[in-house]
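Per-chain residue numbering starts at 1, and chain names A, B and C are given in the order in which the chains are listed.
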Amino acid sequence: MKHWKKTILTAFGVIFSAASLTAADKVSMGFIYVGPKDDYGYNQAHSEGCAGVQKLSWVKAVEEASVPETTAVQETMRNMINLDGVQVLFPTSFGYFDPHILKIAKQYPKVQFLHCGGLYTEGKNPKNVGSYFGYIDEAVFVSGIVAGHATKSGKLGFIAAKPIPQVLRNINAFALGARSANPSATVQVIFTGDWSVPVKEAESATSLINQGVDVLTCHVDSPKVILETAERRGIYVCGYHANGSKLAPKGYLTGAEWNWSKVYTDYAEMVKAGKSLSAGTIPHLVRGGLKEGFVKCSDYGPTVDSAAKKDAEAAKAMFMDGTMVIFKGPLKDNSGKEILPAGKELKQQDISLESMSWLVEGVIGSTKS
Amino acid sequence: MTSDSIGWWGVVIGVLAGAIRGGTPFLLVSLGECLTEKSGKINLGLEGVLLMGAMSAYAISYKTGSPWIGAGAAALAGGVLGMLHALLVLRPKVNDIAAGIAILIFGSGIAFYFGKPFIQPSAPQLPGIQLGGWSSLGQIKAALTISPLFIFGVAVAFLMQWFFRTTRWGMHVRAVGDSPAAARAMGISPTRTRFFSIVAGSALGGLGGAHLSLFYPGAWTESISSGQGLMAVALVIFARWNPTQCLWASLLFGGAQAIGPSLQAVGISAGYYLWNASPYILTLVVMILTCSTKRTLTGAPGALGANA
Amino acid sequence: MQPAASIAGAPSVALIPRASLRWRSRLEAAAMPIMAVLVAMVLFGSFCASQGRNPLAVFGAINKAAFGSWYSFQNTLIRAAPLMLTALCTALPARLGLVVIGNEGALVIGGLTATAAGLAVQSAPVLVVLTAMALAGMVGGGLWITFVGILYYKRGVNETISSLLLNYVAIAFLNHLVNGPMRDPSSLNKPSSYPIPDDKMLPAIGESNIHYGLVFGMVVCLIAWVLMEHTSFGFKVRMIGGNIRAARMAGLPVAAIGLIICFLAGAAAGLAGMIEVAAVHGRANESLAAGYGYAGILVAFVARHRGLAIMLVSVMLGGILASGGILQRQFQLPDATILVFQGLVFITILFSDSLYGKLKFFKEEAA
């Protein structure tokens, strides 16, 4: 037991010395990914964000990839704090939050825990925990507009991993965008059931194309297979996570991309300025869309016509000046039930959008597994 | 760009075409496993072999610009990993299953390690063989674009059948698998026969990986295999150690994989997790119906999995 | 049988007269795995050197991250805890001559049944909740593998294949339940069951980071060792494993004993699932299928299915896994590096198994 106490003391010593050392010159950040950091998708987007913030001379960053949502991530967080002297942690997978981040955050009140995509509950969660996410549905909405213009069959396809709020929000935004350009367009959804199942994703793309779908998009960990399958079958495709125009040079319309280096740089500057979550000087909930530069749209592909560009640019301009609302009444779900009456609207910041469980009219699919 | 929908025919075409596209890796690994098991050894490491094959095929195709050299590299990489497996299981007291899992871990480790730089770039793909030129429907044309490795696999299935039935070497393999002691008495070396069976079987498994990364779905990622290598062991029992039946069993498994997405594409989405498990449940049910404690399965090698 | 000899577990031990079990064969039992690990280290060291990293620095870091201090050794022990239990799912039937690899499935089912039981009695006192969960987990996992046993003894279905297939079925079942019937609607982006109340969870030991799952694992391994090596039941099991025909002729109820062993094997893995729920996740979700089952298979074979050796091998593998992170953070090696090391260690250990009794130095005639 004595030995153990000594270790804890030295561990604390490490934190304090690291904190006092780095506070003077360097901000030390730790990034944790659930999959390989070069997956051409979700994890890579975060890793590029890390690379972006690392360019600042006063930032030191460590990364660890392929960390499962088990005790392994608790171990990684502890190691980054105790051995690497990290002051700010970014565990980027949604499943890291409960119970893993909550548990470790209680043990290390001096360290900031910033979680991607989760919800911070005042009073219930530790004070040193915060959450950030991007309104990528804004960029997906713009993709939808371009897709609505491009489709000839009026059938769009969306390949999704699971019927969870983050995914449903993108499907709905895509459908609303498409139907704003082409009111008779429908979006057929296929849920593959998992985040990274390339064979099933290719199979889903093929089935959708066989059903006459002529524009595809997706929300899975890595869209590469879907982009390439669409290109081979000669249909249009919108990207996700990262710019995929190289994978589908002919059929790429546009796409929704993350810009995490902007988010991470903002945080680094706040920490450098001595701000913290527990003092309330770093907000617990950070969200941003096109306007804040958290997300962006890919450049248009070669086939996008001027009418589509005009509508898309108009929508982007409205997002930039904050006047665009994606989810506004009258809005029905795809079983005909009213979600929002005419005149009511849910602004992007509305937190109820982050527990979405419905699919809007025009989407063919079900949220039941 | 086609705008005509084919509705329920899409499900049928999807499942049939999916059987060929998705069944090819199953076919190649199960033929490889069949050859290995006929000689009396089990290779659970084919999952690692599949990943090594997929990575090497993609990397070499990208580097040389020739997908055919890529496919060759996949067979070679599979063979080398097979040699390592043979080195282990041909020694006394080493269990096949344990060695297989060790090879699985090592093979996937090496494939992931050296595959990192090849996730992003696009490698030249194997050209499809067009059998659908007669149709004006894009769906049919796409469905009948067949992987050259599928044609190869079908040929190997029938060749292997002939090999086991009529050739002297085929008889040697079977003799070693049934009773190494008797084979030794006949002057056949069990070690050498098994070595070649394992290495050749793994080379076939590597080609299965090449189909994944160079034809369908046609990309290298670390999750490219969804357990086809592990399932090979079950497939071979399903097929009663008979190469031509491996062909039908693989088509069945490939088709079963496509059922879930095809049904969702026409709007039927209930219980997709359970649909995803359908191939496994099906195999189990068939095994329960056809097995018996009274007799061993026809075609089962007598000394399967035992240490010589 | 002496503990040392049973760790060695060389099958030949039983055949040589006890008097000849001298220091050389005990030394062999200890030296072979150590030499195997050393060979693996040399191979991995050369691999690191070929990738431009200093092998000595890499091993220094691995040691620091896995065994170097009480802080890091805790990480190793946390990683080892579930492996001890899942390994038994392969190890116990192996003594009968059955190769069961349904560890992952039994763990998942045990986690599911434990969660269901815990939720059903969640307002009861903590000990009642935990006992109910543990029992439900063991029964769930136990019946899952008993099904494998029934298929084998009644229908002659190959146990390796049926248990492998059942892994996929169990995971599909888990996904179906936590995305559908068992789903807590407030588990937004990670579909999960309703949570077990925080104060009903399995706590950490003292003020360490280690939860009581480690104690469960060690106790169950010890029980398994006593049962297999020191009871008449264990003797019968080993007899069946040694020669099933002779055991049948001696009148042993082969199928009944087999089914009991299958139940115990599944119960051990089911208990691992219960601990994952009760000590780590607090609810059932897809994180239950984290690969502990597959790692357990390898642990069992490397430990030659002996209860005490399983503890040691679990700690060794736990240490390797716990050092994966530092290779990424300190040496910028990719995440797959630790898989390469793990693969090399197991390949060399399995290879060393075949050298027992082959090396002249360890031959007893010299003594």
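Operating definition for what follows: a residue touches a chain if its C-beta (ideal position, glycine included) is under 8 Å from a C-beta of that chain, and two chains touch if they have at least 3 such contacts.
What you see is a predicted model; the values in this text were computed from it and never measured.
Asks: Looking at chain pairs A-C and B-C, which one is connected by more C-beta pairs in contact?
Replies: B-C
Asks: What chain lies farthest away from subunit C once each centre is taken as the mean of the Cα atoms?
Replies: The chain lying farthest from subunit C is A.
Asks: How big is the gap, in whole Å, between where the Cα atoms of subunit A centre and where those of subunit C centre?
Replies: Roughly 36 Å separates the two chain centres.
Asks: Centre to centre, by mean C-alpha position, how many angstrom separate subunit B and subunit C?
Replies: Computed value for the inter-centroid distance: 29 Å.
Asks: Note the residues in subunit B that touch 2 or more other chains, in rising order.
Replies: Correct list: 112, 116, 271, 273, 276.
Asks: Which residues does subunit C have that touch at least 2 chains other than itself?
Replies: Subunit C, residues with two or more chain partners: 175-176, 179, 334-336.
Asks: Which subunit A residues touch at least two other chains?
Replies: 36, 193, 368-369, in rising order.
Asks: Please name which positions on subunit A make contact with subunit C in the complex.
Replies: Going by the criterion above, the answer is residues 1, 3-4, 7-8, 11, 36-37, 62-72, 74-76, 78-80, 82-84, 94-95, 98-99, 117-119, 162-166, 193, 354-355, 357, 368-369.
Asks: In the complex formed with subunit B, which residues of subunit A make contact?
Replies: The touching residues are 35-36, 38-40, 152-153, 155, 188-193, 196-204, 206-212, 214, 222, 224-225, 228-229, 232-235, 246-247, 364-366, 368-369.
Asks: What part of subunit C is in contact with subunit B in the complex they form?
Replies: 11, 99, 101, 151, 153-158, 160-162, 164-166, 168-169, 171-173, 175-176, 179, 294, 297-298, 301-302, 334-344, 346-347, 350-351, 353-354, 356
Asks: Which residues of subunit B touch subunit C in the complex?
Replies: Checking each residue of subunit B against subunit C gives 84, 87-88, 91-95, 97-99, 101-103, 105-113, 116, 227, 230, 233-234, 237, 271, 273-274, 276-277, 280-281, 283-284, 287-288, 291-294, 296, 305.
Asks: If you look only at subunit C, which of its residues touch subunit A in the complex?
Replies: Subunit C reaches subunit A through residues 65, 69-71, 75, 78-79, 175-176, 179-180, 185-186, 188-191, 206-209, 276, 280-282, 285, 287, 290-291, 321-322, 325-326, 328-329, 334-336.
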